[in-house]
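Alright, structures below, take your time with them.
Next come two complexes, and both contain subunit A; in the first it sits with subunit B, in the second with subunit C.
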Partner chain A sequence: MSNVEDAKQSAMNSPLELAPDSWAPGNGPDPLIQHNGGRIGASVSRVDGGPKVRGAAPFAAEFALDDMVYAALVFSTIAKGRIATLDTTVAEAAPGVVLVMTHRNAPRMRPMPLFGTSEKAAGADSLPIMQDDRVRWNGQAVAVVLAETREQADHAASMIRVTYETEPATTSFEQAKANGTETAHLFGHDVHIEIGDAEAALAAAHVSVDATYRTPYQNHNAIEPHATTVAWHSDELVMHDASQLVGHQAWSLAHIFGIEEEQVRVTAPYVGGAFGGKGLWSHQVLAAAAAKLADRPVRLALSREGVYRLVGGRARTEQRVAIGAGADGRFDAIIHTGTAVSGRDKAAPEAFAFPTQSSYAAGSFQIDVQLAYQDMVTNTTMRAPGEAVGSFAIESAVDEVAVALGMDPIELRIRNEPDNDPITGRPFSSRHLVEAWRAGAERFGWAKRNPTPGTVRDGEWLVGMGCAAATHLYVRQPGGAARITLTSDGNVTVDVAAHDAGMGTATAQGQVIAERLGLEPEQVSFRFADSRMPGLVAALGSSQTVTVGAAVAAAQRVLVAELLKLVGHDSPLAGLTTEQVGVLDGGLAKLDEPARHESYTSILAGAGRDEIAVEASAPPPVEMMNWSMHSYGAMFCEVRVNGVTGETRVSRFLGSMDCGRVLNPKTATSQFRGGIIMGLGLALTEQTHFDERKGRIMNPSLAEYHLPVHMDVPEIDVIWTGIPDPHTPMGARGIGELSITGTGAAIANAIFNATGKRIRDLPITPDKLM
Partner chain B sequence: MVTKDFSIRINGTAVGPPADPRVSLLDLLRETLQLHGTKKGCDQGACGACTVLADGERIVSCLALAVQYVGRNVVTIEGLAGDDELHPLQRAFIEHDGFQCGYCTPGQICSAVGMAAEARRGVPSHVTPDLTVGEVELTHDELRERMSGNLCRCGAHNGIVAAIAETCAGERK
Partner chain C sequence: MIPFTYTRAGDAAEAVRLAGRGDVKYIGGGTNLVDLLRETIERPAALVDVTGLSSAIEPRGNGGLLIGAAVRNTALAEHRDVRTRYPVLARAVLAGASGQIRNMATVGGNILQRTRCAYFYDTEGSRCNKRSPGQGCDAIDGFNRTHAILGASSSCVATHPSDMCVALAALGATVHLEGADGARTVPLTDLHRLPADHPEIETVLEPGELITAVELPPLAAAARSTYRKVRDRASYAFALVSVAAALEVDNGRVKEVRLALGGVAHKPWRAWAAETALRDGPATTRAFRAAAQAELAAANPLPDNGFKIELAIRTITAVLGELAGSDA
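Up next is the complex of A and B:
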């Protein structure tokens, strides 16, 4: 298991009455939670803003190496079979071509270690990469051309001729289901839960809804296409990559090429959006292999089409949600079952029932996620995997119950608010969703909503309001570690192999580190995204902030202990223990006697030291075993649907979040808006079209895959409860994925309120509303 | 004897055209000149990440062959601020958090500069109510409509629009 998976698994497996939350000393809340008015919670602009707006921030395809060659790829055009003929002679003779790599001459490599199968495994799949003549999906790379220029490489790739012997492939959902499905396995368990007899309770319920919801294939479409610049220095591999898991990736590449982990270095200083899609895929392996074969550095920048061919997205789902409720609105039964498409031999099931497992109290539950295998590029995590599309289904269904009962949908949700986790029985670490609902309803003007569908009209536009709950699991990864280097000028550098693909990691951590060490933010340098740094911290599961935060807290404790060893006999701190001191104004002070203070610079000077460096690992994420931990949100939407064309415009949106303490309101707001806007695309426009006859993606392009554009995005309002979670570092929980959950349903529910039409099949395009 | 100048002026510097006529303006910038501020998001004119200013007009440099720009003045994100450290729009993007990952950002900024000039010239858009008024006021809808060719996946749209609205309003006063 990877560390994320591992952490989640241990959270699912362990009994309640285990260890106390052990990441903080004395097992109390993080003392930083009590620091108000400091750096934490300040609305600070991004620390990397200058380089980004000047275009001076180096992304993966922008490392220029001497003697570097350019790679171009040829993609298979069948879904399954073998390469019959492969003619590379014309391409090899073309101007500027250095070599053509195919399965005939590629270096021998192990398959990628599948993410989740060991601590550091990073592979999106574990299929052989250019090791045989087999074709396993439509779009698989079958040849790599290296040439002196990009134009020469692209041209030569166009002259490679491939013929195939095709074999029957499973490329339709219906066929895949008919072949037989398997129960999804997540966090060490089959995704199958039964509590009571939900079918019987449903049948006996006062009201019931029972419907099928469908969500399509989607792609991440980070604006930076995947790219990598690689070089071998004898038997050491350096890769500058667009990656959200450099530590995992370095180990995995070492495994693939049969070298030691220390012989691989992966960096990702700037990543142009990731969203779950920038893990280890075949193109990085191919680039490294080709560089080895040519003995020259290689830049492999995928075309936009190449991203669709080689990097999977979100899987298609078909979900049944059935809810039975009493006349008072209390749920007697919740059933959330269905099937998600899956590539073969892959790591990330689209476990859509996840939000249902913690959102509502009910008398009985039936939860089941089946996987149907298709021959296609393997699907992967995409922002809030499971929860983004699962929340569309469950939160639409709850709205349908409210309609059936004639009850306000917010009041219905609050009536079914669980006291404890409805599946595990664990207490919630901190759940203030009801406050979020109340505050959001007030701010949005929910009371003005006309509950009768299709009755509010503005010219040819039908206007409606909808709402839905958001939820996302709290995760802290067990691999968190940090190195703090304090220099005699009083500045610190903190190194963690974490990532910032736009989330604001460096900015928020700089604030936290300054507060944790009693420094000004200008005195803090946070370095990240280099596999040679401490920590195994993937940018997954909205978990980086607390993972890094706990690691820095651990390193800070070691630093204090080391500094106390250095203080002189005449120091105000002489004789004090780590328990007696805290940080204050660029130094240490006795907790109950702050006048006994010595600055870091004074301590180091007194000891004759230029610097002191410490490294520490965070304790395991025991808090996840003890509590049911999630971030929450109450999402509000107003839509205008054109009565003639069926066009939907989102005119207002509010996210009222309950996500623990917000460390930086400015960057957090951007994260929330970003998730909501991706949810707007999920609801209304986004779909990867998959040809079920040939297994080929038909719209591998930003012209035909419709992302929300400026004109589609209204001013988005975001508020939060701001209540710190007493069981997490800094009182914070994850926020990166939270706001895409619930958004799809809020929009669909608003469309129902506007038009009276219940659309259960995403995206809600105009044809479905005409 | 008359010699013809075959150079492209890029941020004020004369640059020779590429020997290979297939080279796009975008690839000339990124691969030959190491001006990486202009980004490649799709290489087919669909995302706007590669937007630069050619004689003051915004173009997608991925759909422009470099040799077509001989004798033209091209300004990229690296040349936008001139001698100043940052262009006012660049400062506004930081202040309003008009980006997250920063990859679409140079294109958004260059596009906004060209867009504001179009509005001043009276170039109408799909949402312009009156085609005869001359200079177009950059309302919220005008601004969003005119910037819709620049995609952002992180969802920084609100910040981008706020930054442009603030800066362009400032220019008009």
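Up next is the complex of A and C:
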């Protein structure tokens, strides 16, 4: 018998206890952690794989509605000012054109409610959308054409003539900083921390490094460009969207159009990558407005350029990191300060100091994130916002300290491993980064690294190894809720307004639900991404898995209570309470007397019920207040830098992760690999060319915005500690964003080891290494 | 996109007749032209499809090769004679674009592809003398990291993006043309113009003139030739600098050398000065570098692209060193 079958066997013999009804201290861990029914931890292929490969998965731009028209947009070409003339007459007369919408005839709408300003607010910014003649950024939509075909709409859009009266705009970083900055505000706090006198400690330190690190603007480039298909049924709005927050979006659209939340339905059954960029932006609002004006359904699919013009990306940063250390390597001072560019609303601060707030013990800290406003499309979250670029700076600086001390960079990190959260003093819920370092170093062959930079050569190529720590905050969203419907055939359907943009949400939840309810995977369907479903769960912060997991556990409690009410007097379960029973083999059983068992089908049949449906909300995420909770990783990289041309090739990469329990190794590995590839782009190739003269993005295409291509990506190895977190649902923590963090620094540090050149300005293009 | 008519020509004569001297563009694989139509940079009234022209690669009596204008880039790179006798050409083609694009792209279209200057493409938002003569050039004070260091003017600093053409320039290829006034041939190195005051005029082609073929002369030195492209990612990016070279060394001395550069000028840049400096001289790293420096002496960098000078010098030196191999 295989191990899995063994485990299954034992799982069948003892009932699985229900999850605690609170994640506060004092409650035991999720019983699922101890349980191995063979579902969780299995490498299950993605349930959406088949339909996607067969072309049977409808994406937002593929909903064909009766009488539908197609939209095309005209984008502004100045950063700030007003529309002086706007001539739509030729376009309106063009073949197939239904109407042209501009600020002159657009319906009156409220601005988008800004994400974070209320529970369900989804807007990326709070600027008026086509309500006046003002231009607020270069690329803003100034006209929408609706036509019978996409081509007719595009053609007509090219015939709209706009002239502008420009006004002075802030489009350069230097100017933005000179105009004055504001302290970033996040999770209810200013990002400003001082513990001790870090400057003094730095000045007095045995060794110190003090440097400025720069990271560029980046744009979102999900494989599916943003798209939406919308229809009004009298005053009810239905939107099929490429969205990662359908619930927030439905409420926000209702607010914008002055209708009730129940009158809006947003679905997003398939999303081709989101990464933080698929929230509510102006194009969805414009599509809904145009559909209202035309009284016809509208499909609006942004071109790749359209995504660059209307959807913001990762903000540019300039970060100072200074570290003072003693001769033994212990940090006396860590300073991580600097400025990030921001949109007017400052809603998505690029809080780069995040990783520094939990990574290392130090005698003193100074942390400060300033925001500088620029007139440009507002920046937004992009995979590991703050952490991706901040970890580049801090983890590069730690490497610089290791060089200054002549110490191995892994040993230096381990020496500064904190016992408790260095800022809040809270205990860590589960931190096994040292194990990850040791396991990774062993597997990668770190011991073979030559610590002297520029000494390993292979023909023209200089070879080097580098490492860096990865870290990502654990988040469980407060809005988790789920509906479980159990039918008389013993099958279960779970509905949560969560999202699967290709990460494997539905696949992993299917596994968890099967195991938690004691069912076969085929008996479980997980439905999601419809705002009419329970829950307010955005696909943000790598938090969906635990958010949904906690909601399902809560709903299961209610389900079990309901089932116990239904059992007959002669049932083996008669008289038992929820605390006394657990899940066993497609039904319930008494915890200490597993023979007292009745299957779900038998309970329903006995009660004469076809189905039973329950809904519950997850208990609040108090675990986040009691522990310092993060996922971790030790990232290892080998690079080859061409001594003639300065071209860099990453030749090996290993991510050694400590991320709680891994629910599905296959989808988890894909997430880790994807993050590492994105980190490789961050390190070496990605950069938005933002022309500061006009505030215009000059490379809005996949040809000129350089993402890594296949030849840039080596085989990527991924391992994990597999240690469950005792304080989280399923013992899991977030994994989706973790692996982009640390990757940039691991590559930059490997480049230093290869060449002796310390590049602190991303991306590291060949000219910087010549 | 502006409406246009579309006709398919059966052969060169028909294509030329259909085109006349009017507002017509030939279309090969369309991998460049369709983008330019979409961006309304090109606004022809009519398209004449010339993929029906000769797609043969035939030996010439003199030992050269005649390559039909409609030969697809992939077919060119795969051709046995090209791979063995002119490896620089096969490698240059394979260094360009992607497999899918090369499957569509034709030899004629590759030669006449237009610059990738971002301001040229930004029809509504930027000024560009090449797109709209007299408008000004937003690249000169803007993003110009990928722009020209040789032969540019104050009206335009764009580069010609083709990899294939760099190899053709090094090999001394001739382009066969056919127009309303008959047929003629032009050396590839004379086909593209430097921008001077008229960057919108990119070649010496007359309106309606058609590329029918490219001819490679016999060149013994080409058997030992190669192409090296330096770029910002491992594939699917235009050259920062590229070098096409052929070298024949005899007894430690350079007997024959051919050298051309890509990514540095408004046209594929034949490095005449370097060739002259090298010919009959010693085949040493020092001589290679000195010749490269001589070629780049005329370089005039922009604020963002000064690195290209040293990059070109180093890449030339490395490529010649590689070709010289143990003969150096």
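In the analysis below, the second predicted complex is superposed on the first by the 743 of 770 C-alpha atoms of A that agree within 3 Å, B and C clash if a C-alpha of one lies under 4 Å from a C-alpha of the other, contacts with A are read in each partner's own complex, and residues count from 1 in each chain.
By our rule, a contact is a pair of C-beta atoms (placed from the backbone, for glycine too) under 8 Å apart; a residue touches a chain by one contact, two chains touch by 3 or more.
All figures in this text were calculated on a predicted structure; none of them were measured in a lab.
On the superposed subunit A, the two partners subunit B and subunit C both fit, without a clash.
Within the superposed three-chain model, A:59 lies in touch with subunit B and out of touch with subunit C [touch as defined at top]. Once the two complexes are laid over each other on the shared chain, residue contacts for A:649 go to subunit C alone; subunit B is not touched.
Shared-chain residue A:766: touches subunit C; no touch with subunit B.
In the superposition on chain A, A:50 makes contact with subunit B only, not with subunit C. By the touch criterion stated above, A:689 is placed in contact with subunit C alone, subunit B being left untouched. Set side by side, subunit B and subunit C differ in how many residues of subunit A they touch, and the one touching more is B. In the superposition on chain A, A:225 makes contact with subunit B only, while subunit C stays out of contact range. Superposing both complexes on chain A places the Cα centres of subunit B and subunit C at an angle of 40° as seen from the Cα centre of subunit A, in steps of 10.
Applying the stated contact rule after C-alpha superposition, one finds that A:565 touches neither subunit B nor subunit C.
Look at A:699: by the touch rule set out above, it reaches subunit C but stays clear of subunit B. In the superposition on chain A, A:151 makes contact with both subunit B and subunit C.
The superposed three-chain arrangement places the nearest Cα atoms of subunit B and subunit C 5 Å from each other. Within subunit A, the residues touching subunit B in one complex and subunit C in the other are 151, 155, 703, 708-712. By the touch criterion given at the top, residues 1-3, 40, 116, 118-119, 122, 124-126, 138, 141-143, 145, 230-237, 240, 307, 310-311, 314-315, 317-318 of subunit C touch subunit A in their complex.
The residues of subunit A lying in touch with subunit B in their complex are 45-46, 48-59, 61-62, 64, 149-152, 155, 220-225, 270-275, 301, 303-304, 501-504, 666-667, 669-671, 673-678, 701-703, 707-713, 715-716. By the touch criterion stated above, subunit A contacts subunit C in their complex at residues 75, 77, 138, 151, 154-155, 158, 460, 644-647, 649, 684-685, 689, 691, 693-694, 696, 698-699, 703-704, 706, 708-712, 765-767, 770. Of all residues in subunit B, those touching subunit A in their complex are 20, 22-23, 27, 30-31, 34-47, 49, 76-78, 81, 86, 90-91, 93-95, 97, 99-106, 109, 141, 143-145, 147-161.
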